[in-house]
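If you scroll down you'll find the structure; I have some questions about it.
All chains are identified by letter, namely A, B, C and D, in their written order; residue positions are counted from 1 within each chain.
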Amino acid sequence: MSDRTRLRYGMVGGGKGAFIGAVHRKSIALEETADLVAGCFSSNEAKNKDTAQFYGISADRVYADFKEMAAMEGVRDDGIDFVSIVTPNFTHYEVAKAFLEAGINVVCEKPLCFTTQEGEELERLASEKGLLFAVTYTYTGYSMVKLARDMVRSGKIGTVIDVNAEYLQDWLIDEIGAGNQTTTKMSVWRTDPKKSGISNCVGDIGTHIEDTVANITGLHPVKVAAILDRYGMDLDLNANILVEYENGTHGVYSCSQVAAGHLNGLVIRLFGTEGALEWVQEEPDRLKYTPKGQPTQILSRGTGYVTGRAAQLNHIPSGHPEGLTYAFANIYHSFMSGVLKKVNGQNLTKEDCDYPTVSDGVKGVRFIEAVVKSDKNGSVWTEV
Amino acid sequence: MSDRTRLRYGMVGGGKGAFIGAVHRKSIALEETADLVAGCFSSNEAKNKDTAQFYGISADRVYADFKEMAAMEGVRDDGIDFVSIVTPNFTHYEVAKAFLEAGINVVCEKPLCFTTQEGEELERLASEKGLLFAVTYTYTGYSMVKLARDMVRSGKIGTVIDVNAEYLQDWLIDEIGAGNQTTTKMSVWRTDPKKSGISNCVGDIGTHIEDTVANITGLHPVKVAAILDRYGMDLDLNANILVEYENGTHGVYSCSQVAAGHLNGLVIRLFGTEGALEWVQEEPDRLKYTPKGQPTQILSRGTGYVTGRAAQLNHIPSGHPEGLTYAFANIYHSFMSGVLKKVNGQNLTKEDCDYPTVSDGVKGVRFIEAVVKSDKNGSVWTEV
Amino acid sequence: MSDRTRLRYGMVGGGKGAFIGAVHRKSIALEETADLVAGCFSSNEAKNKDTAQFYGISADRVYADFKEMAAMEGVRDDGIDFVSIVTPNFTHYEVAKAFLEAGINVVCEKPLCFTTQEGEELERLASEKGLLFAVTYTYTGYSMVKLARDMVRSGKIGTVIDVNAEYLQDWLIDEIGAGNQTTTKMSVWRTDPKKSGISNCVGDIGTHIEDTVANITGLHPVKVAAILDRYGMDLDLNANILVEYENGTHGVYSCSQVAAGHLNGLVIRLFGTEGALEWVQEEPDRLKYTPKGQPTQILSRGTGYVTGRAAQLNHIPSGHPEGLTYAFANIYHSFMSGVLKKVNGQNLTKEDCDYPTVSDGVKGVRFIEAVVKSDKNGSVWTEV
Amino acid sequence: MSDRTRLRYGMVGGGKGAFIGAVHRKSIALEETADLVAGCFSSNEAKNKDTAQFYGISADRVYADFKEMAAMEGVRDDGIDFVSIVTPNFTHYEVAKAFLEAGINVVCEKPLCFTTQEGEELERLASEKGLLFAVTYTYTGYSMVKLARDMVRSGKIGTVIDVNAEYLQDWLIDEIGAGNQTTTKMSVWRTDPKKSGISNCVGDIGTHIEDTVANITGLHPVKVAAILDRYGMDLDLNANILVEYENGTHGVYSCSQVAAGHLNGLVIRLFGTEGALEWVQEEPDRLKYTPKGQPTQILSRGTGYVTGRAAQLNHIPSGHPEGLTYAFANIYHSFMSGVLKKVNGQNLTKEDCDYPTVSDGVKGVRFIEAVVKSDKNGSVWTEV
C-alpha cells in the first residue's frame, strides 16, 4: 500500500489556445494536488510539442497518438493516475474507451458521447475495471448548487411539484438565416454529422439543464414532449421541452443559443409544496429560497448559515466571487480525492464521489436522444 | 349631435368590499371624465343599497336585477353611456348580453365567458349593434407594454423567433392536497362546475399571458401542446404549454398558482432575430431591451426617449411608480374616449380603440378550450 | 354633534395641467370619502373657471383670491372641512396662514415654507386653533415605509448605528454649465430668490430624506456637515451631508438632480446592531430586511406576513403594484379620518394622526437652513 | 541578454491555511508562467517546512528568516525574480525594504505600510534600484474596472461631477459592544497598536475605495472631512467621508464592517456631465452605464462590444463568472509581464505597467492618515 500525497495526470486535447483544456488545467492547479506529466495535446505535431514544453512534460511522455499514450501510461510504474479528455465531442467515446481499457481513471468533457450504446459501453467498462470516471457537468460543482441539493434532499421545499429550468445564450444568433455558409461560427463542425451528433443546442446546453436539475433533485425525466427550432440550419438552435419525472411531476426546460441578451443563462427554479428555490449561474454565489408563506431569502456563499457540503467546498470569503473555475475545481476536488484514496488503498467516502459520473453522462445522452425523437414525431410524449 | 364632455356609467357587481369593482371605479375616477349614476351592485339587497348610497346614486337607479337595469337604462334619456361588469366569471355572458341588447356599451372583466359559442354571440351582438365592448385584460394597459408593442411592430427586435412567457403566483399553494374541503380559498366556487368553467389556473391567469403576448406581437397561438397539473383538485393549479403561432414560431407559456415566492409574476420575454424584449409586471415602469450584439438597456417610463403611445399615456413623472390602477385607467381612457366620440357623433381614431375588445376576449376563451383539450388528450398538439 | 360620512374640501392651486394638484385630487378620489366643492385653482381667471367647471364647482365657490376663499369658506355652514394647498413653494406660508386663521384644517405641499420662523408661526397657529395640518411628505405614505417604521420601533434591527440615505435624480443635468439662460428647466423660478428659497436640491428632495428617515426611525439630525455643489448655478444641484443624531449615531445623506440614470431614487438604508433595512422608492412594494447573521429577506406588500399598519393600508393584492398615488392616498386617509372624527366630535386614534404634520414640516425647514449654513461655513458641523 | 520564458518567485508569509497567501499562489498559477521556488512561509518552523514541502521547495530555499531569504536569494544565480509579501500588515514595511535592498522586485499586500514616511522610503528605494513594486489593490484587476477606466478616460461620462462610493461588510458586527474581550474576531491584533495601525475599517477597506476610484478616474482626494465610528472599540468599524478632488469635484466615501447584509460590497458610482457609471464588486462581470438622457445599459464582460484592455484581460467566455482570483491574476499578469521583460532586457509597454504600484500604496497611506486626522479634529476639512 502506497502513501502518495500528490497525483500525476495526463491530458488529451487542450493544446495552447484551446479554451476548455485551459479551464481543466487551471482548475486542477487551484487544487494544488496534481501534476501534469503526460499529454497528447494536439494532432498538430508542433502544437503538441509546444504545449508539452510549456508545461515541462518529459519528451518521452509527449504522445502523438492517444492510443499509444493510454497503452504506455497504463504500464509505466510512474504512469498517470488519471487522464483529462478535452477533445472535440465526437472523439470522447474512443479516447475514453482507450484509457479505461488501459486501466486509467478518466475525466471527460460533456457530452460523454453521441449514442446511448457507446455510453453504456463506457459505463460498463469503468465498472468492470473498477475505475473512476467523471463527466464535467460544470455547474453541479458550484457550492450553492450543492446547498440547493442539500436543501431539496432534506425537505426544505417539500415535494417538488414543478420544475422550470432554462439555459439561454445568444452567441449563435447570427446563424439564423445564414444557411450553409462555411463562414459561420457553427460551420466548422455543423456540416459533418459525424462531428456534430444529432443535436446542437440540446446536446450542448440542454443536457446541462437535465444534469443540474437531476443533481439537485434526483429527478430524471422519464418522458419528454419537445419542439426544436432550427431556423433553416441542419441542427437545433432553440428548444422548448415539456418533461415528466418518474413521480409524475412535470416541468419545462427551455434552451437557446439565439436568445439576444442572454450570455450563459442557466437558471434552475424548483417549486415544491413547502417552498421554492432559484439558482442563476451568472450569479452563482447566491441562492434564492422562499419558504411557503414567508419572505424570499437571498442566501450567500461563505456565510455562517451555509453549512454542509457547500461549506466544505468554500474557498474565498463571502462576497468575493469565486467564479466558474472553482466550480470546475470542486468537481476535480472530489474526483482526485477519490483517486488518491484508491491509489493509497483507502476506502472512499460519500464526499469523494461527489461529482457527475459516467452514469450521469449516459443519462444525458438518453435525454438528448428522446428529445430529438419527440420533436421528429410531432412533439409527442416520448420515453427517455 | 350632442356636445357632451362627461360620461355616465353604471356598474353590475362591485358591492362595497369587493376587490375588482373598486379597482374599476378608482380607475375611472383617475380619468375624471365619467360619473357613476346607476348600479346593481349586489344580490344582497342591503349591500346593494348601501353601496349605492355611498356613491350618491339616485334611488330610482339602484336596481335589484341587472336585466331590469339594462332595460331601464337603455331607454332613459339620461341613461348610462356604458356599463362595467364586475360580477363573478360565470355571469359575464348573460349580463353582457343583456346590456348589449339594450344598446349599451360594455366593459367586462375577463374571462369574457366560458365557451367560444357564448363569446362569439357577444362579439356578433356588439358588432350588429355598433357598440363598443372592452374586456379588461389589465396588463395591456401599462404604458411600457404599449412601448413594447410599438417596438416589436416597428421591427426593433426583427422577426420574433421564440416567446417565453409566464404568470406565476403562489396564493393557492395550500390547496395542494386539501382535497374537497370547503374551507379552502378555492372552495367557494371550485365545487360547482357551472361557476368555475373548465379551467382554474389557465382560465384565470394563463389567458393573460395569451392576451398580453398577442397584444404586443400580434401573435396568437394556432396550436398548443399542454400539460396541466391539478394536484388532487378538480381543476388545474399549474400548467406548462408549448405554443405555435401562425407563422410557425414557437414559444412556451407557464402559469401557476402554487409557485412559492411568486406573487403576480407575469413576465413576457420576446426573442427576435434583431434583439429581445423583457417586461415584468411587478416592475411595470421598466422594459428591458437588448439590441442584438449590444448591451441590454433598461428603458424607464416617463423619460425623454419614450415616445409614441407610451408617452401619451404617461401620468406621473418618471421614477414615481404609477402602478396597476393607472394600467386599468389607460384601458378606460381609450374606451371612454371612444364612447364619448360616439355619443357626440365624432369619428374614432386608432387611439380611441386602443383597448382589449370582445374579440380578444373570444380568442382568450378559444385558447383556454384548446389547452384543456390538449391536456385531456395526452398533451398532443391541438388547434386553437 | 353631527353624523357626517363625507367631507367637503377646497383646493388652492392645481389648475388643469398642473402636476401635483392632480395627484392630490386623484389621491383623494381613491379614498372616495371627500368631495371637491370650492377652489382658487389659478391666478389665471380663465384657467380658474375652466378647472372649476370641469370639477362641477358652484360658481359662488370659485375664488379669484385665496384670502377671500379662506374667509368665505370659514363662515359658510357648508364650508370646506379642509383645504389642499398645491401652489408654488414660496406661497405656502401665506396661504396656509390664511386658512388656519379662518379655522380650516390644512393639507400643504412640502416644503412647508422658507424659514423656521414662518414654520413655527404656522405650527403655533394650528395648535392654538386646534386644527389638523398635514404636510405631504409623500414617501412616508407607502405602506412598506410604515412596515419599516414598525420594524425599527419594535427593535427588529436593534439600535440604529448608521444611516445611509440618498435621493438621486437626473432631470436637471442639462443645467450644468447653462449659466443664467432663461430657457432652462430651472430658470422659471431660479432667477428670483424670493421664489426659490435658499436651496434648490436639498430644499426639494434632501428634505424628503430627512423626513422619511425621521418617520421610520425617530432620528432627526442635530448636527450636519454639508457640501453643496452648484456647478455654476445660483442654487445647489447636488449635496453630500454628514449627519449626527441626538443619540450620537451618524449617517450620510446624498441628494442630486444631476445624477445620470437616476429618476426618483430615494433609497433609505438603516443599519442596526441586530440587522438592517433597505427601502427603494422606485420599488416601493418591497422592503429588504437582513437579520444579523441570516440571509437577506425580501418582504412584499400585501402578503400574510405583513401585519400592523402596513396591512391596514393595503389596497391591492400583493404583486399588483400600488404606486405613488396610493402613498399619497394613505396620507389623506389618515388625515381625513381625523378630520371626519373631529367634525363629528369623536376622539382621534393614533391611526388618525398617522401623517406628516406641520411640526415635521418645520423640522424640514430647520434641516435645510442648517445644511446651507454648514456649506457656507466650510462644511463645519452645524447645529440643526 | 537572457531569453527566459518563465519566472521564479518566492513568498513571505502564506503558510498552509492562510487565506491571502493561497489567493496569491493560485492567481499566479492561473497565469502559468511562474514557479514558486523559495519561501519563508511562517514563523512556526514546522508549518514553514510543511508548506515548503507541499510546494516542492528545495530544502536550501526554505528560510526561517525573511532577511536571510532576501540576502541569499539576492545573490543566487537562480534567485527569485520577485517576492510576494503576504504577511500581517504591520510587517509589510520591513519585509518589503529587505527585498528591495537585495535588488528583488516586490509584490506586497495592502495596506503598503502604516506611515507615509515608511511608504515614501519604499517608493524611493524601488525607484533608486529600478525595481518593480506592485501593491495588490485587488479590485483594479477586474477587467470591467479596466473598461470603466477606459470609458471615463475617453470621455464617455464627460467631466466627473460627483463620486459616490462605498465598501460595506458586516463580518465585525458582533464586535459592537464587545469591549476589550479577547475572544472577538478583531482581538488578535486590535489590542496591540503596533500591529493594528491607526485605523481598522478605513485602513482595511476604505483604502480600496480610494484606490479604485483613483484608478478609474485619476481623481485622488486632496481634502477630506470624515466621521469615524468606533462603537466602544479602540479603532474604527465604520466611516463616512466627504472628499474633494484637485479639480474641485466632491464625493462621498462610506465604509463599514458592521453593515448587516453586506458581504464585500464595494460599489463605485461615478456621475459626470455626460453620463454615469456604476460597478459593483459582487457582480464584477457587469458595468452599468447611463449616457445622459438615454436608457441605462448593462455591459457584460467578454462580449463583442467590450474592447481595449478589458478585452485583452478576458479569460473565460461571457456569462461564465471569472471571479476574484482572475482579478488578482490580472494584476500579476501585468506585473510578471514587466518583470519578464526586465529580466530579458526588453522595454516595458504601458500594459506591462498596468497594476497598482508602490506610489498608489503611498497615496493610500496618506489618505488613511488624513481621514483619521479629520475625524480627530471634529471632522474638519483636512488636506491629504
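Just so it is clear, a contact is a pair of C-beta atoms (placed from the backbone, for glycine too) under 8 Å apart; a residue touches a chain by one contact, two chains touch by 3 or more.
Bear in mind the structure is a predicted one, so any value in this text is a computation, not a measurement.
Shared residue numbers account for over half of those found at the interface formed by chain B and chain C, and the copies are therefore classed as meeting with the same residues.
A count of contacting C-beta pairs for A-D and for B-D identifies A-D as the more extensively joined pair.
Chain A and chain B have Cα centroids separated by 44 Å.
For the pair chain A and chain D, the distance between C-alpha centroids works out to 35 Å. A straight line joining the Cα centres of chain B and chain D is 56 Å long. Residue positions of chain D touching 2 or more other chains: 262, 293, 296, 300, 303. Across the interface of their complex, chain D is touched by residues 157, 161-162, 164, 166, 170, 173-174, 176-177, 225, 227, 229, 231, 238, 240, 242, 244, 250-252, 254, 256, 258-262, 271-276, 278, 288, 290-293, 296, 378-381 of chain C. Contact residues of chain D toward chain A in the complex are 5, 19, 23, 25-26, 29-30, 32, 54-55, 169, 171, 262-265, 281-285, 300, 302-303, 316-326.
The part of chain C that touches chain A in the complex is made up of residues 289, 293-300, 303-305.
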